[in-house]
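Presented sequentially are two complexes of chain A, the first with chain B as partner and the second with chain C.
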Partner chain A sequence: MNLLEFARGPAFNFALIVFVFGVVWRLAGLFLQWRRRDLSKPRQHNLIVAGTRAMLMRSLPPHELEKHIVFQHMSGYAWHIAWFISLLFFAPHLPFFKQFLGFAWPALPNWISLGAGAVALALLLTLVIRRATNPVLKQISTWDDYISVVLTILPLATGFLAYGRLLPIRYETLLALHLLSICALLVWYPFGKLMHLFLTFPSRFQAGALLGRKGVEA
Partner chain B sequence: MLVDPRATVADMLRARGISRRGFMKFCATTASLMALAPSMTPKVAEALQKARRTSVIWLPFQECTGCKESLTRAGGPTLENLIFDAISLDYSETLMAAAGHQAEEAMKNAIRENWGNYLLLVDGSLPVDVPEYSVIGGVSNLEMLKEVAAGAKAVVAIGTCSAFGGLPAARPNPTGARPISDVVKDKPLINVPGCPPMPIAITSVLVHYLTFGTLPELDHLNRPKSFFGQTIHDRCYRRPFYERGQFAESFDDEGAKAGWCLFKVGCKGPTTYNGCATYKWNLGASWPVESGHGCLGCSEPNFWDWQGFYNPLSTTQWGGYAQIGAAAAAGAAAGAVAALAARRKQRPVGQDVQEEGK
Partner chain C sequence: MSANIYEGGTAGLPQFRGGASKTAERPVSRRTDAERLARAKDVILREVDGAHATYLETCIRCGMCAEACHFYRATGEAKWTPIYKVQPLKRLYQRELGPMRWLHRLVTKDVTLKDLEDWQELVYDGCTECGRCDLMCPMGIQISPMIGIMRRALAEADLLPKELAAVAEEQKRDGTVFGVGRADILALVQQLAAKGIAVPVDKERATVVLLTSAVDLKGFQGSLEASARILNRMGVDWTLLSHSIELLGTGESLRELNVRRLVDEVTRRDAAVLILPECGHAYPALRFDSAHMLGEPVPFEVYSAAEYFGKAVQEGRLKLRKGAGEKVTYHDPCKVGRHGGVFDEPRAAIKALGLELKEMESHARTNYCCGGGGGQFLIERAKPLRQRAFEIKMREVDDTGAQAVLTGCNSCRINYLNGGANANWKTPVRSLVEVMAANLE
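Moving on, here comes the complex of A and B:
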């Protein structure tokens, strides 16, 4: 078994099992853990509105800090969107999704999906360097932050290396490294901050609903 | 044809009506194929003219004869198979006139007379686990290989079966088929894989040996770098479509008719090292990708099993929905237990206030 066979077979299989198990475990653990019944009188009855409002409003930068965090905020949105464009609309990726879903969707022209990938890669590298050098960000960063961002960068970087044959290494080795970087991402996903993909909006909704019940506009 | 054993390769070619011009053209092509400088062409010609016919023994094991078909029926009486005639093929069950005991006697004579100097060509894999599955004249392939390889100057594994196990080694591999390299450890070994290999790949190895008396530079799988140094994808005329993201989605869609890249219908060109895209088949008439089918990766180890021919390279070998369902069910159970444990730790409403009051 060569490296590519290992990456496409046992490694990916293991990563997928860990990913599914971990994500379902964490989601079930959180969603089945009902809060205690609150016997106080609710200040607001329509908690769905309160939750939805918080979910949307907290997706915008707080007005007071807007000027100071505009780069952080906008670059965060930009790389997320660009990353998902390159993941979901780069033509060679579509057979990957089709094997699970049984269907695929039209790809974007390569110059768009590759351009999006380049934007995501550049922004992610800038942000991780900034995190490591900015005194405030450095203070509030943990290993989880660095591991999560590096594991997000690696599939992009190895993808470009494989597609463009940017290193004097055989293509199958580069493709295997690309797949292994995805495996690493999947394995880490449920246990680190990357889990925010599944938890960001539910937690914002819940915070908004709870605060709304107490009459606080979140 | 009776052959004077003292005849050189040039004598043989001349006798077959090959002109000096044709011979030099062949030498130039071969030098180019072997990645030699153009200035080496006269040296190749000179060496070939003087080269005595090398004794060659060709052993067939678990094979389909496709490799020999590839060489001997390469679209007509080409220089490739004439150069093959120009060696002294002392034993090849398929090609020789002798049969039975006479054939075996011819092999023994060739081994005795050329001990230490003959080339051993092998096509087909070895049934190592059950040697009785493939026997020639009462001798198992395994025994025969050990015996003949002992006196060979070098061993050439022709075709994917002898180089990597090939189809006989595909799951479930009932005979325990293995490549030649599993048995031959103490001789120079060169693999010329392909199912079948391209005729010019076989002849280029022979010409290199006749010219320099050595084997060409090899890659990590013992394949000649000059022929297996680049992927099909590197030299594919459809590659610009890959770069632009234009892919055939099926074999009869508009993309396929327009000649777009076959990556999405399973082409293994990016991971296959072979010369098909450069030299083509049937006297340069066409090759699989030009005929509308993706590369199967036949010159790579384990090509039959490692994934379906029509699964794109960007797919994986995941365990299926049942496995994912089981992982999800286990995750849900673990999550439910964790949630239950957390709920049990929750104190009743008011208790925390009472405790704080104390």
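Moving on, here comes the complex of A and C:
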């Protein structure tokens, strides 16, 4: 078995098992914890509406708050969107989705998905430098932040290396490294902050319902 | 006609201290360090539930919450970052409660008493539990309730700042706060009677129960007078409680004890309404938290004074004289506004007074704290920090061009008056209820 076969076969399967089991473990462990029942008389009765509204609206804080966070905020959303465009709409990725899911969707022109990947890479590198130098971020950062960002950058970086054949090694090896970087991302996923992909909406919902009970828009 | 927005208030502010003379400069704990740490951990482990867990697990450490906090915005010092203030709580959660605790026990440091000592400044001096950060977080994380847990944990570890410890000790020992208690309430009632203002005290039954507060008795006696005059004018069947001023306490057990006692007093009178004085911290405690403490909702409505009277205006039960359109701004007390949802009623009263409301840039739910809420105004060493935070407020008020600030919390008023005096800032700060009482139709 060569490296590419290993990456496509056992490594990917192992990563997928860890990912699925880990995510389920962490979500179940979290949602099964006891919760205090709020017995106070609510000011606003439809807390489901309040929670759902917060899930949708929390991306847009009020002007008084937004004006101080424009770069962090916009760059955060921008790299996520760019990263997912390059993952989901880059033509060479689509046969993989077809094989894995049984269906696929049209790809975007390469210049768009590669451009998105470049934007994501540039923003992630800027943000990690910012994390290491900004006093607030330095103070609250943990090893999880650096592991997570490196593992998010690696698929992009190895993808560019493989697509452009930018290293003097065999294409299959570059492709294997790209696949292994994705395996590493999947394995790490349930252990660190990347889980926020599953948790952001529950957290926002809770906040919306909590503040809604008090009659305050979240 | 003028709406009297400049008159009244407190000329010389009294010192708000607990029975400090009887209290050691540094509270000395009679417990061992191990006991103190265990008590603090116990509070955190008991209080953190699935909702807090979801918040803690969701934080991406983006640091945006810092930009909401007046202490960070005023100083630029990273240590005031809201989520950093709960770091020990998070570590304990990760090691003891989280689904990945088996991993965190290997890689996350345990919490020590030294950590808690180091966090005292962060959660007491550097947080007024104003909740502004709760609105900023893109993940919806509610940080201030977790800072509340940190504060209670530190209190259990005998790590209250000495001024707050003195208040707690005085309250436990003498049943007074800032040296005032029942005798002072009765004396004030007599003074009001001499002025022709009837204050029914401790009636066996009443539809509406009114409380006063230690802050009012000590510094803003006009507040009780104003509420009494309005209630009398409205013809409400009311009574003032003489032995249940909002002694809500700094430690969890004392707070619960006082809430229980107060709820009993109001329930015993078959009252439909409890009006809290112009005091921030009592409001969320009784309006929302009491149900959790008691295991059931309280059997009466809880209002803050400005809310109750503002609502009466909205419903046409209270008529006010219109002024000449003076420009005023309204300071939403954090605990009544962002933590309590009271925004419209005070504004309805301002409108009925014929005043022109000039909102601050940050108002209603995004209002900046006065800088001294959550007992912070008592902490002497935090004075420079408080002043820096207050300067944000001052700037926002100045930008409105308002001739006066109205508010519904006398603790906020203390901060405005102290902060304003330090900065030689002349804008008057008035109680909305007092302005209403001065303009009854």
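By definition in this document, the second predicted complex is superposed on the first by the 208 of 218 C-alpha atoms of A that agree within 3 Å, B and C clash if a C-alpha of one lies under 4 Å from a C-alpha of the other, contacts with A are read in each partner's own complex, and residues count from 1 in each chain.
By our rule, contacts are C-beta pairs under 8 Å (C-beta built on N, C-alpha and C of every residue); 3 or more make two chains touch, one makes a residue touch a chain.
Because the structure is a prediction, the values reported are computed rather than measured.
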item: Touched partner set for A:L16, first chain B, second chain C, both or neither; value: first
item: Contacts of A:S113 with chain B and chain C, given as first, second, both or neither; value: first
item: Touched partner set for A:L161, first chain B, second chain C, both or neither; value: neither
item: Partner chain in contact with A:W25 - chain B first, chain C second, else both or neither; value: both
item: First, second, both or neither for A:L151, with chain B first and chain C second; value: neither
item: Contacts of A:R36 with chain B and chain C, given as first, second, both or neither; value: both
item: Contacts of A:I85 with chain B and chain C, given as first, second, both or neither; value: neither
item: Intersection of chain A interface sets (partners chain B, chain C); value: 25-26, 28-34, 36-39
item: Residues on chain A engaged by chain B in the complex (per definition of touch); value: 2, 4-5, 8-9, 12-13, 16-17, 20-34, 36-39, 90-96, 98-100, 107-110, 113, 171-172, 175, 179
item: Complex interface listing, chain A residues touching chain C; value: 25-26, 28-41, 43-44, 54, 58-59, 61-62, 64-65, 68-69, 72-73, 76, 134-143, 145, 191, 193, 195-196, 199-200, 202-208, 210-211, 213-218
item: Interfacial residue positions of chain B with respect to chain A in the complex; value: 231, 233, 243-245, 247, 263-264, 270-271, 301-302, 306-307, 311-319, 323-324, 327-328, 330-332, 334-336, 338-340, 342-343, 346, 348-349
item: Interface residues, chain C side, partner chain A - complex; value: 49-51, 53-55, 57-64, 66-68, 72-73, 78-79, 81, 83-84, 87, 97-100, 103, 107, 132, 134-142, 284, 287-292, 295-297, 301, 337-342, 361-362, 365-366
